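Next come two complexes, and both contain chain A; in the first it sits with chain B, in the second with chain C.
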Partner chain A sequence: MTKKLNIALVGNPNSGKTTVFNNLTGTHQYVGNWPGVTVEKKEGTCRYQDYQITVADLPGVYSLTAYSLDEIIARDFIVEEKPDVVVDIVDAGNLERNLYLTVQLLEMGARLIVALNMMDEAGGRGYRIDLEHLSYHLGTPVVPMVASRNRGTQELLGQIARIAESRVPPSGLRIDYGREVEEEIEKLEDLISQSALSRLYPARWLAVKLLEEDEEVTKKFKEGNVD
Partner chain B sequence: MLTNEEILRAKDRALAHLRSIYGDDAETIIADRRYGFISGVLKDVVKKPAIERLAWSDKIDRVIVNRWLGIPIFLAVMYGMFQFTFTLSAPLMDWISAGFDFIAVRAVGISPEWLGSLIGNGIIGGVGTVLTFIPPIFLLFIAIAVLEDSGYMARAAFVMDRLMHKVGLHGRSFIPMILGFGCNIPAIMATRTIENPRDRLITILINPLMSCGARLPIYILLAGAFFPAYRGLVVFSMYLIGIILAILMALIFRKWLLPGPIGHFVMELPPYRLPTITGVLVHMWERGKHFLIKAGTIIAGVVVLVWLLSSMPWGVQYAGPDSWIGHLGRFIAPIFAPCGFGQWQAAVSLFFGFLAKETVVGTMGAIFAVKEGSLGTAIASQLSWTPLVAFAFMVFSLLYVPCVATIATIKAETNSWKWPAFTIGYELALAWIMAALIYQIGSLLGLG
Partner chain C sequence: MATKSLAQMRPKERGKITKVGGSGHTHRRILDMGVVPSTEVTVERVAPLGDPIEIKIKGYHLSLRKEEAVQIYVEMIER
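Our next item is the complex of A and B:
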């Protein structure tokens, strides 16, 4: 009996996301549009063991603020469609910049796998990355890959199946924002958890987004007053 | 059930409270903490080889992008760039103009008389004058290429990031501004890297205020004639006025025209590199060739038109007040009287400068039709300009309307005629107000 899984690929531009998408789905791809906008939406399917996996290739973004259409699309998909697994493609040679997105994904409570791509280039430049420690700090599995040579794809699929099967709720990374900010987050979190929106999104995430003066989230609260 | 309004009010209180503690937006503090977390993780996880060059780069950056030294260093670098350009180009310009004089004297003797006048007065007087400015323009482009290839320009953008944030833009907007020193067209295209459409539009709208290479001949001509001892400083001041007004206009546009949040971005500082000679020459040529192409096409065309208008109706004194160009000039000139340069020759030069800014100088060359080297003197004596008027004229040339090609680029990039029309309107107003203020206040202070 086949089991269905929905996964989403996210990552910075130039992280090799499209290559990973091609490795996973091969010729089983179709292109559409995201609802209401003219940005291209790429989806594909692949089979792994007895899983039928639908893969959504989200736009390449550096962060998940509400500043650009791409970022809003990526964020809404993860928050609203709630894919079973989110695969974050990370350029191993550019960890500092790439992990900013990873941190935001974790804060959103996404069930995440970090696919550490371009391991060959990072190694060539003399970087030594301790995968176990990275996985420990982030609280997510980390899969090393060289997507350009189709290395790591089977390991990634194995990890996807394992995570989807485990049913353990995502740990949800908590960054300590400092005493004063944390106090405000806590106060807002208390209020938010009594509102309808907290049934759709994690309360802490909403609180942080409000403090970041995120336009989209603020709008959600304003619109919520109507009904 | 708690209303969302209460939550939003609580948010506003929280933000005000945090701002009073940190003096900064909560957004910035949150981003800093995230990066702090990441760099903490990376310290534990990644072992990097000690790359000599990187460490060396970091040491230089401690000075170059220093919070206090960064902007003074940037200004000093720019000033040095103009001094380099003028010192080296002065003798080269003398040689070129001597060469054109040699040809012009023989050309005027050609019969029939009108052909001699067309070649001697029109083409050599106009195009020749513009070509005299090849050395400073190419030297400036060499200097810009060296600064870019060495990695300094990325630092300059980084240094300006803090200042740009104050006016509601970020450092990524400053890179197209620096590119504008070469030519505004590629600079406006470079704004495509700015993700937020409002940020991008503001960056496009202020870009023509950045003084492009085509305006350099005007400054060199007038600074050389009216401010011989302070040439470098006067030209430098034009670029500075352009930057300051661009930042001010950005502030105004952000506040009243296109309000919105400031985007964040990660700015990468490439390691410093020794520029290669080939690289610098290639970059100089990429920018400079457009100048040569323009001189051969649009500028030559305008100059022939100016010559024709100056010679018509038949038998009129060449470029006299009763020639067609004189009529055109006298029609426009009164607008410029409050700015100090209400002479018809100045008016028509600015009129044709709309096609390409080099033609301001080309038109003057064709009208005065004197030996190139002394065009500056001809302007001083025949228009009886003072240094104050020359300065006001330079400021006006810096600010007024983008050239036709830039307007077409703004249209293409914003996909509407609204924004190019807006740019023309606000720039004309800004140029006129600035020039009139300089002339009027300067006259009151007895500088005229």
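Our next item is the complex of A and C:
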């Protein structure tokens, strides 16, 4: 029997997201617009073992702070559509900048796979990446790839199937923001957990966003989801 | 130690970011791209009239407008 899976590809601009997307979906793709906005929406399908996988290629973003339309689209898709697996395409030659987004995705409680792309270029620059160590600290699988030569695609699909099947909830990396901030987060979390919004989003994530004065999240609260 | 704005630095000079001023979307985007305090930067090239400025940060190259660079303060690192 065919099993359906929804996955989303997310990553920094120029991390090779679209190349991975093309490798996964081949010609089975279509381009539309996100509802209400004229930002390109690409979706495609692929088959792997008994899986029918729908792949969404999200806009390239450096962060999910909802300061631009691209970021709002990417963030809303992940928190509202709740894809079975989120694949974070990371430029292996630019780990430090790229992992910022990775951390944000983990804080949001996404079921994540890190696809370390452009491993060849990183190697050419003399970088040696300890994949096991990275995977251990992030609490996610890490798949090395060279998407431009279609390397790593099968391994990625294997991990997608494995993660989707595992009933283990995402590890949800927790960052310690220091005593002062943590106290405020705790207070807010208590209040938020009584609200309807906490059924849609992780309470801790909402608390952090409120402290950041995130416009979108603040608006959601003002729209009467809580008193 | 000598503190300058990024806009006052010359090519090949290195420094450690101490403060990123500004507000709004551009400010946020600059932070998101890794231009944050305690990060090391090297000025790669400066266009005529000092705008834009190309820096190297966290292993990649980034071009900044002068109006952004004047708000980024660095502590100079001796070569």
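Convention: the second predicted complex is superposed on the first by the 224 of 227 C-alpha atoms of A that agree within 3 Å, B and C clash if a C-alpha of one lies under 4 Å from a C-alpha of the other, contacts with A are read in each partner's own complex, and residues count from 1 in each chain.
Keep this in mind: a residue touches a chain if its C-beta (ideal position, glycine included) is under 8 Å from a C-beta of that chain, and two chains touch if they have at least 3 such contacts.
As the structure is a computational prediction, the values presented were derived from the model and not from experiment.
Asker: In the superposed model on chain A, is it clash or fit for chain B and chain C?
Answerer: clash
Asker: Under the stated touch criterion, which partner chain does A:Thr2 make contact with: chain B (first), chain C (second), both, or neither?
Answerer: In the superposed model, A:Thr2 contacts neither chain B nor chain C.
Asker: Once the structures are superposed on A, label A:Arg128 by its partner contacts, choosing first (chain B), second (chain C), both or neither.
Answerer: A:Arg128 sits against chain B, while chain C stays out of touch.
Asker: Of the partners chain B and chain C, which touch A:Asn150 in the superposed model: first, second, both, neither?
Answerer: Touch status of A:Asn150: no partner.
Asker: After lining up the shared chain so the two structures overlap, which partner does A:Tyr177 touch, if you call chain B first and chain C second: first, second, both or neither?
Answerer: first
Asker: Just chain B (first), just chain C (second), both, or neither: which does A:Gly93 touch?
Answerer: In the superposition, A:Gly93 touches chain C alone.
Asker: Quick check for you: in the superposed arrangement, does A:Glu213 touch first (chain B), second (chain C), both or neither?
Answerer: A:Glu213 sits against chain B, while chain C stays out of touch.
Asker: Tell me which partner A:Gln52 touches in the superposition: chain B (first), chain C (second), both or neither.
Answerer: After superposing on A, A:Gln52 lies clear of both chain B and chain C.
Asker: Once the shared chain is lined up, is A:Val103 touching chain B (first), chain C (second), both, or neither of them?
Answerer: first
Asker: Kindly point out the stretch of chain B, out of 3-11, 21-29 or 147-155, that overlaps with chain C after superposition on chain A.
Answerer: Clashing stretch: 147-155.
Asker: Could you give the residue numbers on chain A that contact chain B in one complex and chain C in the other?
Answerer: On chain A, the overlap between the chain B and chain C contacts is residues 62-63, 65, 67-68, 96-97, 100.
Asker: Quick one: which bits of chain A touch chain B in the complex? Just the residue numbers, please.
Answerer: 62-63, 65, 67-68, 70, 95-97, 99-100, 103-104, 125-130, 133-134, 137-138, 175-178, 180-181, 184, 187-188, 191-192, 194-197, 208, 210-213, 215, 218, 221-222, 224-225
Asker: Taking the complex as given, what residues does chain C use to touch chain A?
Answerer: It comes out as residues 25, 28-29, 32-34, 58-60.
Asker: Enumerate the contact residues on chain A facing chain C in the complex.
Answerer: Interface residues on the chain A side: 62-63, 65, 67-68, 93-94, 96-97, 100.
Asker: Which of the residues in chain B come into contact with chain A in the complex?
Answerer: Against chain A, chain B makes touches at 1-8, 10-11, 14-15, 17-18, 21-22, 25-27, 29-30, 33-35, 37-39, 41-42, 44-49, 51, 195-196, 261, 263-266, 268.
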